[in-house]
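Structure record follows, encoded as structure tokens.
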Amino acid sequence: MKRSIVASPAAWLVWGAVIIFFIGLAGVIGSVVVNSFGVRWFDSWLPEEYTTGWYGQAWDEFTLLPVLTVTLIVCLLVAGISVLVGVPAAYVLARRSFPGSRALYLLFLLPILMPPITYGIPLATVLYKYGLAGHLSGVVLANLVPSIPFVILTMTPFIEQIDPAVERAARMCGARTRHVFTRILAPLLIPGILASCILVVVRTVGMFELTFLTAGPDSQTLVVALFYSMSAAGIRAQQSVDAMAVIYSLMMLTLLVLALRFVNPTQLVARVKEDQY
Amino acid sequence: MTAATVAVRHRLADRGVDRQMLLLVPATVFVVALFIYPFAYGIAVSLQPAEGGVLAAYQAFFADAYQRDTIVTTLMIALPAAVLNVAASVPIAYRMRGRFRGKRVVTTILVVPITLGTVLTAEGLLNFLGPAGWLNRFLMTTGLTDAPVRLTNNYWGVFLSLVITGFPFAFLLVLSYLSGIDPSLERAAATLGAGWRQRFFRITLPLLAPGLATTFCLTFVLAFSVFPSAILVGDPTGSTRVISIAAYEAAYVRYDYAGASAAAIIMGAVELAVIAVVLGLRGLLYTGSTAGGKG
Amino acid sequence: MTRFDRLRLDGVTRRFGDADALSDLTLEIQRGEFIALLGPSGCGKSTALNCLAGLLPLTAGSIWRDEIRLDTLPPERRGFGMVFQNYALFPHMSVQKNVSFGLQMHGVNRTEARRRTTDAIRLVHLEEHATKLPGQLSGGQQQRVAIARAVVIEPSLVLMDEPLSNLDAKLRLEMRTEIRRLHQSLGLTTVYVTHDQEEALSLSDRLVVLRDGRVQQIGTPEEVHTRPANRHVADFMGYRNLLPGSFASGKINILGVRVTGTPVGHLPDGTPAVAAIRPEDVSLDGDLEATVDVVEYQGREFTVEARTADGLVLHLRTGRRLAVGDPVKIGFPADRLLIFPGGPS
Amino acid sequence: MTRFDRLRLDGVTRRFGDADALSDLTLEIQRGEFIALLGPSGCGKSTALNCLAGLLPLTAGSIWRDEIRLDTLPPERRGFGMVFQNYALFPHMSVQKNVSFGLQMHGVNRTEARRRTTDAIRLVHLEEHATKLPGQLSGGQQQRVAIARAVVIEPSLVLMDEPLSNLDAKLRLEMRTEIRRLHQSLGLTTVYVTHDQEEALSLSDRLVVLRDGRVQQIGTPEEVHTRPANRHVADFMGYRNLLPGSFASGKINILGVRVTGTPVGHLPDGTPAVAAIRPEDVSLDGDLEATVDVVEYQGREFTVEARTADGLVLHLRTGRRLAVGDPVKIGFPADRLLIFPGGPS
Amino acid sequence: PPESGGGATGTDGPVPEKPGKAVTLNVLDVAGNLQLTQGMIDEFVSKNGDVIEKVTYTKATAPELVGKIKAQQDANRVDIDLVLTGVDGLAAGIDQGLWLPLLPTHANRLTGMAAYLPGAEAMQKLAGDNGVTITYYPSGPLIEYLPKNVPNPPKTAQELLDYAKANPGAVQYARPSNSGPGRTFLMGLPYLLGDSDPKDPENGWDKTWQFLKELDAQITLYPSSTSETMKNLANGSAKIILTTTGWDINPRVLGTVPKEAKIGTLEGFHWVTDAHYAVVPKGVSTDKQAAVLSLLTSMLTPEQQAKAYDKGYFFPGPAIKDVPLTMAPQDSQQAINEYGRPEYADLIANNPLEVPLDAKALVAAFDRWDREVGGSKVKK
């Protein structure tokens, strides 16, 4: 369908809202970025001087390099494992309605709903008991608890959308379940997997409590450092907190841009069909 | 004909039970092992308050208006934010579904806030919308207002931070769900005389609805468990005293783990109630392949 | 590929809700046979194929390959190939990838796979479109991809669900020949669903005629064509003239005219009966008077609808150029007219 | 409904990438006409319909309804109905809702809409399935829903893309009659894509034969059938025997045998030419000797492939029961044999 | 017996003079104390490689600390060997029985404790046998303002209230439970106003609550962190904020508050002191305990304590007597000479010192403040 140049009022409204959102976003990000480079920003539009010192300070104070590395590893592991475990489960829940499927669905909802306060400490105890906490594996395992259900919940509608005939065709070509997943479903679910990975990563990186409870001295993630710098006792220059927040966002942004660079959030099929128009 | 014996397998398969259910095993084992036990422990803790009977922690929560009201406060923040996030992402995603120049960039920018994290968002809101922030500076230099507009350290601060972090989330999901709908269905509707409004409301929206329900649930959960921003940009003693603050204070300020668990479980229960309603409605919707026929 | 001597369907039944889409299908298929499933739309043909393929669980019955019970095996372990009525192409794979997918799944080595893929694509004349995605193909092209994808793995049993429905006559004929050729040269066993009787008659060794999920007749094409088992089969097989009447002493009385024919089935005197004859068998040199009502051009012949004074409508085909209103004298060759028991069935 | 007198397609072209799926289609359609688009798979028929419906933007050309330029209007403002080749049924609506959707969009009042929906569903024999979702229907049933959905709104122009391809012969015949009846009784204009020549011939007022996106011939069914404009059309229209040779003084020399026929097009002496004749026109009482190679049963007739000593393969149809290896003597009736210019085209 | 982080020996029994072999020490800081003490620790490690091989630092917030240590202790795998905490974390741990009593068993090794300043000694009492005070400062409450905005700063509590009434929104302090200066103000008010029992917020703070509610009427917002109030002071949207010595000097060093900002005191104020403690969780191996004890001993020497001057972060900082600024590192001296205030010496010497509320009472005070002061803006 042709897009006319003269947009309808509805389109104006939508694009207007988008532009307001962009302006707000630019303001929010801009003010933090400016502040993170600023020296003595009192009652004025812009700081009196600029420096990159706050970054160096944040970098050193929190030994950010290892922290970033750990964060990255944790994110990738958590996202990867939750997709590997969550998607097959979501598949079954989307495709079959067996006795008890609703109850199971509810079971998978609980870890998302229940605040970590209710299970964090006992979970950490369990993990410590089996020697799984205190290092990376603890952080990963603990973060998987809400992440796997999260993937299940997001992926279910995506899987429902896929025509089961395609899977059947694959089976008739001799594809085992494994192949059906890797060769047929995975490519078709790419936008969904991307979306849920991004969300899982964001949640993982933001999951302060579970991470802190199960992390060891060298498996702290960025969010622990950041949360600390934001809410711990003691005096810190706001600029250095902002610098950390900017570093954090930059890392996430890099991941996001990379992800969006390689994966299009539009389903390939729709893309082919849209191509004609 | 020989007796038509039917394998148990077929009966089970007919009821949705077959070997593929094995795919559920890893996730189930995981959740049972790492969640159910600790969570049961958490429930047990909530039932063992330092003083009083088994339900004393719950009674205490509901008896104290200051605590009880956090439920309503939280709902008043989370529901509108979730509704707005979902409702705003639908038209935007709908506009973005075709192909146009710069789509990737616009998509990326719309999703960017997801990377900001609560801290940057909070800092940004405080800096940008604060009494001496750029917005108020702009409004006052242009003479649009005399006194600074208060948008932080109150309900609006929290609400805005939930929109900033929640919208991209909803948008990303909705955009992807939307792209799973066969575009030829809308075309078919167009040949039947349906304008965009009707195409949207009669074809796209119903097919999108299951995805929207899920998106709503997730954004709602995120909004409901809002914690750092309720403190950082909100008014944590008053209008944005959300239930997670109540739980947090019980656990980490008063070290009353029973009370904290009770508050958290009440929080989960309220969420569950809302989500059960939404998912129940979702169950009534058409949820299936969105392809329209052959090919 | 798993070879077999005999495939046996034993009381295969499939119910949706409380409607039987397929009931009690019992059939034995020999290796190398070409079986066609025929029947009106919605009669359960696709259901039968899906059951055979293992894509639908059975409500009752069982399927055996030689002495192995097959119906409990998952589809991918049965080693069958299938052309789906709705194609079900992999939307994210090019034509080439769609076709080679099955080969990869069967662990065929690369060079061999490439060769067979190319051959299969050439077979269905899609060389030029090999790198397109299914969404970029025309309907008929998609259907051909589906055919190539199913046959390329040279399965022991190929199930084809109306594989030629979206192809033009010329291509259909060509594909039909190819399918038959493959069937023979590879020694495949084929179960073929079609709504095209000509296709069914010319391709298959045996026909299975279904109606409302039940088998009506199983027989060679000639049997089914010339000796339909009941009036439904006759109706379906192109006996367009179904004239109700009553049977008496070897003849059927249709609105007062007594006609000789070949009785089929149990026909006591005086019972209601139905006379069946194909339009092309109706002759124009009989003595039943009628007037031409409708004439349709059909290439070399004309399809004519004629009406007797009593209001009896007759369909006939003729090379003679008739015009609406022309009087004709209609006759029924006794060896072409079948008489079936009438009444409700 | 927007009535019109004349619909004009003017150089309509549609390109995908750098391949023309449809080039330069110019056609004038009168109100009430029944136009069939015919052509091999992938020749651009669906593309033409999509362009006409407004679902595909044109690469070049324009479409006019009387004096109104149509190709800039969105599909919903054109008031056409369409049966999609892939059905495109709304998966979340029952059969009933699918059918009544268009009526609601056109603001037809409730009782009227209910009545018309019921009628349309009855027309396609889906009364029993009215409350099912498309996913619960058989292929043919889905196709019938698509037909009902398109015709129920009684559009000024109906576009049908192979609407009967998945129906059995009997039903197809019935539906064909219904479509024709609707066309006439409602005074619709119809553009109909089909791969079934018989259908095209019997239904349409005019045929448009496409090949590789280009119009080959536009004419009445009889014209196209008996006087194909070139050898491609002939090939497509069932002239299965295309025998290359060279033309000289009104005759064509095929491997030394000189045959008389009807020359079509510009044919200077000595140029390469192609003789075309349908299998059913080949006679068995000529004098070209050949041996039967393949025999296929086709109901009452047999399709036979015979081979001359020179290796020339001939297709013929006969009622005579021949066996493989039988010698036959083949003749070509001069009035049935067409001679086209040969060589590359 | 479970293994702990890398320690070789058991968790109870006699603590050796020196660990069997050099240990790795995991230090958790929940008070921002490393800012002051990391230099001390690093120096010790560099000089005593045979005792401590390596130190890892982790920072966290106090409240979550308890949960983590509990989880580790329940599983018998404690991998945090030394916790640096403020009063809040210390008290929470005592309440939950998390800390290993270092005293009086090892009092003889911790010789530096004998030289505590009087204020530090009072603070050490709060720790009982469970922790060792390592840094100390008198804190506040102080008021801070920009002279150009507030030419005549209030001198008494009443004047502060009057000023607030005259300038609605101009006085600001952060929510006490999120802010050190906020809680110092809260705890200091009963002394300023002469309440009946400054240690009993429930029953003895009538005047304080009255005052806070009156002040509340003039306050538009309570930021969630002290930094917020500092920023607002700097950008002019707040005219008077509450502060402490550290929060006065350090932010000006950092440039978040204009250098020209001034502090003031309210007549009759008492210092409400603050300190940081070192504690060892139960379950740490005796080898590591030995290492911690050696470390603490070294940290309580004047040379090391001088590092606590930092850049006014916890001004003055040292917990023991006779640590003049001149012993501090060069940049520390420079910063304090430039941004410090001469009047502090006098103010510290001539105003009474009070220990803060104990944890229970403080929590009760926070709760009451939340409900009646901060939360009063919402109609119930």
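By written order: A, B, C, D and E. Residues from 1 in each chain.
Throughout what follows, a contact is a pair of C-beta atoms (placed from the backbone, for glycine too) under 8 Å apart; a residue touches a chain by one contact, two chains touch by 3 or more.
Computed from a prediction, not measured in an experiment: that's the story for all the values here.
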| item | value |
| --- | --- |
| For chain A and chain E, chains touching each | B |
| Chain pair whose interface holds the most contacting C-beta pairs | A-B |
| From chain D, the most remote chain by mean C-alpha position | E |
| Whole-Å separation of chain centres (CA-atom averages), chain A against chain B | 14 |
| Separation of mean Cα positions, chain C and chain A [Å, integer] | 54 |
| For chain C paired with chain E, centre-to-centre distance based on mean C-alpha positions, whole Å | 89 |
| Interface hub residues of chain D, defined as touching at least two other chains | 16, 55, 74-75, 85-86, 139 |
| Per-residue multi-chain contacts in chain B, two or more chains | 18, 132, 182, 184, 187, 190, 231-232, 248, 251, 288-291, 293-295 |
| Chain E residues counted as touching two or more neighbouring chains | 64, 67, 178, 225, 231, 235-236 |
| Complex contacts: residues of chain E adjacent to chain A | 5, 26, 30-33, 35, 56-62, 64, 67-68, 70-72, 74-77, 79-80, 86, 178, 180, 225-227, 230-231, 234-236, 246-247, 250-251, 254-256, 258, 313 |
| Chain E - residues contacting chain B, complex | 63-64, 66-67, 92, 95-96, 175, 177-178, 220-225, 228, 231-232, 235-237, 363, 366-367, 369-371, 373-378, 380 |
| In the complex with chain C, residue positions of chain B that touch it | 1-7, 9-11, 13-14, 18-19, 293-295 |
| In the complex, chain B residues that touch chain A | 15-18, 20-21, 23-24, 26-28, 30-31, 34-39, 41-43, 46, 88, 91-92, 95, 97-100, 104, 106-125, 127-129, 132-135, 137, 160, 164, 167, 169, 172-173, 175-177, 179-184, 187, 190, 210-211, 214, 217-218, 221, 225, 228, 231-232, 244, 247-248, 251, 257, 260-261, 264-265, 267-268, 271-272, 275, 279, 287-291 |
| Residue numbers on chain D that touch chain C, as the complex places them | 16, 38-42, 45-47, 85-86, 129, 136-141, 144, 161-162, 165-173, 195-198, 201-202, 221-222, 225, 235-236, 238, 240, 278, 280-281, 296-300, 303 |
